[in-house]
């Protein structure tokens, strides 16, 4: 089969400081659909054009940040094979029983070298995108409720041993390196952008002094005009914008970085190129690092390297 | 590895009636880059953002139409495995030696049940997209030469046994069915849209009285505004437009159908959703067939079902 | 003062066959705001970004078509001056008292040589666009309710003596000719596109065997992406589309023609150039008439010249 | 006539430090067409879709800045009438003979209360936009050479007595106030945005300690996608970007501020609403001044109030 193994980013679980405020933000401003709440207090959301029950989960905590990032794999056999491959690679894994997350099958959980928690799962209930599988329309009203991203797309994580991360994603899961940024020495990587599909990134990682940090969770919108619409809605709702609208040099995507009420950074973006396993990776050297991140400003804003949750 | 086997449509080989006129059309109007000519008279083109040496090849002939449609596979071992799988499936295969097409490795050729010639190959020289692999720009001048599609994207073929085609693509290559259109009886398929990736279609097929016919070769552009730009350039160059700009119900892509000087139908399109192997296929029934093809007009134009090369 | 006299198209009054169905269409599908109903049964609408109380009025009748097209003039003194100028030009005028239309001042009504009823008025209550005049936002939710045009923009009328119309608009009101289409003889005009501002047309007229006919009322949307959105919403609501999305050669605007439930043709469009009184008019000759109207199809569809209300 | 008096901004004359570098910048990067050079060393440019011979003129000098900003008036009689009106208003005027600027008629020059030099003229040779006045196309290749704005659109000037400026533009020329920004006292204006047409601004002015300063000359592009394209081209050419892409609260336009090689600030923008003489002006109070200028960042960048030439 052409696409096997890990299919795509499936869910992000984030910590928020005030649950009601956050539910209002993610449902009304972001325009995601709340699909459920569980006994432990987690609130589940999906983007309008996603079909699985949830892709974004929040829980109340004393500090913001990310609990876990999940990838959907092809099927249950793949899940067990990858669990076995992880163990053979020397990684401890843990099974979380089906149903511990709403409408989600058994999960295999492990830690990256950067101490981020990753989860694999094969099953999440298809609740549809609000349109029938027979004779659908092109889109429906939910596509214009709030910012209304199409899908939760990827995450950018910060931590120490990103080389260990990269090796694990390559060796165990077969991810491909799409782009990388080098530090002043011309050898050490500042950042890796990796994919399990044709997306320019399914996960990205930046070298950082502290492990298990989140830089941002990213959401896809349809077009540059929708990026502007997102920025407008952020201003109308007095959402804190970090930077944008602008373009990344890396992946060429057009973007806005902004913050949820707890200070977790989010991204809405569109565009960027598509990649394949036979594509030569792109390298950015230190003298062009500004342009690699923010193609128009051509310099890093201080927040990019320092503000994480 | 997440993406294995067949990676993507790699090249289309078309017959044209007048080579000079066609070279002018594909280079100046379509804005593809001519990358070479071979001893047998074939002229090779690539789209600006493609990295492989060629994706579109024309040769002079007495009738228009498609000689072959090629898919790139992951590597040489995959090529031989798929050759073996084809044979095991009962399909005759033929090896074409490396170099028979410019900058292209060994090909494995076979016929679909609809008599279309399909080629698999693993190697095509990476000539780049005109930008370096170190510190590139977001795009360059070639992105605005003529219609300037990003890539050759997919084909739609016409023939009799599309059920046989579908079974072969599923069973041997692991393609997924993304959408299908049913005839009046509610059972027989008029059309299948299949993918080996997350694209809504890498190949599509429509049931037709005559085998080995081409409906169109499709090229991707960046945005709906680029679709308008393409339509403008077609008018400025008095290119024959079949229909559009408009939207498809199937895949949701926004599109123009038009003809090359020999009468081969081409498409420029943007957008459409992305799919994964776990996505439930979409079905269109006969009463909505018009809307499935042309979402705005909601009726087929007579040419759609009859004009093929 | 730079802008004096006639300011802009201010209201169109149309006849519809079924009032409830039409109110639903204009409010829910078109996304106009109903601003009132009067004792005579007329229903008043405005576009979201218009500030005056109404720009589009419908009444129930046995036949579709246009009762009157109104232009707003600078002030009451201008109204009386233009009334006097019309009389001096030999045109009969009629005063309609303030309040006969809701929130609308005194009107001066007269007939064009093509028998269309034109109304001038200076006063219509400013009800705002839903945003304050102090510290407003960039737009608000009404901008995404239905097709949500920005404004009623212009009309295209059909009738016999369009030369008489043109002369009147030029000599009495100082309109400028922006574009014209010539018939086969190279002399007789098929169509005139005229402006009282920098819009490429505030009113247009086509030569036709029958007087007092309406070709379409046109509504402005923000962008080509909003034109696509409009076409999508038309299909979702099974609105009858005449043609489009496409581009006009004349004015360069990008457009859709479609029909209200009574058969009145409407247009949503974006773009087109801006003109000034010192701009040389553009002429289209008969051999390019197709391209002048539908820039991509480069031929008239039969409906363009025949279907009017 | 509906449009009389002052028609539009017609030309800006700027000082640059290095002529060759500036010619390269304005022709290759900005994509304006050089239309001539005169004996005094001035170089003349026009935007692709402008029809008059020039709209932007540069000359070499030791300091950057603006020599003069010109408005085209309806005709020669209007020119002399406005000259007479200026004198009656107490303003000294100077006649510059026809031909002193290439292909430009007699000019009437005067100083604003803020000491900026304004010129009125009625004649500038129509050299066309590269397309015929008979059966033109929708656009041509020059529309994609460099940033390729459609037209020089307006200027923003800095100086002391902006109230005097406003009164002069209103009383002598009949300009309308479209938007204004108030200082902390809620009475004093920080800025006025004024129009002689339906554009949201033909000239704008900000209160500043030093007279005769230029904040920026603004150029119109077609769409938000063209704004992105402009920002991309700036980065490709290492042009210094001040801010953007972003949106203004005032006028709602979407924009980039950037600098020419001499440090003169330029703007490319799209969109914004259209206004009429009967439209109530919009007021921004001090607490929302950030949002009024930069709608997304909601704060002024320090350069906005301090960097002028």
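As written, the chain order gives the labels A, B, C and D, with residue 1 at the start of each chain.
Everything below uses one rule, namely that a residue touches a chain if its C-beta (ideal position, glycine included) is under 8 Å from a C-beta of that chain, and two chains touch if they have at least 3 such contacts.
Source: prediction; values computed, not measured.
Comparing chain pairs A-C and A-B by the number of C-beta pairs in contact, the larger count belongs to A-B.
Chain centres here are C-alpha means, and the one lying farthest from chain A is C.
Averaged Cα coordinates give chain A a centre that lies 48 Å from the centre of chain C.
Mean C-alpha positions place chain A and chain B at a centre distance of 31 Å. Each of the following residues of chain C touches two or more other chains: 137-139, 223-225, 232, 235, 247, 291, 295. Interface residues of chain C, counted against chain A in their complex, comprise 137-140, 144, 223, 225, 232, 235-236. The residues of chain C lying in touch with chain D in their complex are 1-8, 49, 51, 72, 74, 126, 133-139, 150, 173-176, 196-199, 222-224, 247, 249, 252, 271, 273, 276-285, 288, 291-292, 295.
Considering their complex, residues 224-225, 228, 231-232, 234-235, 238, 241, 244-247, 254, 291, 295-298 of chain C touch chain B.
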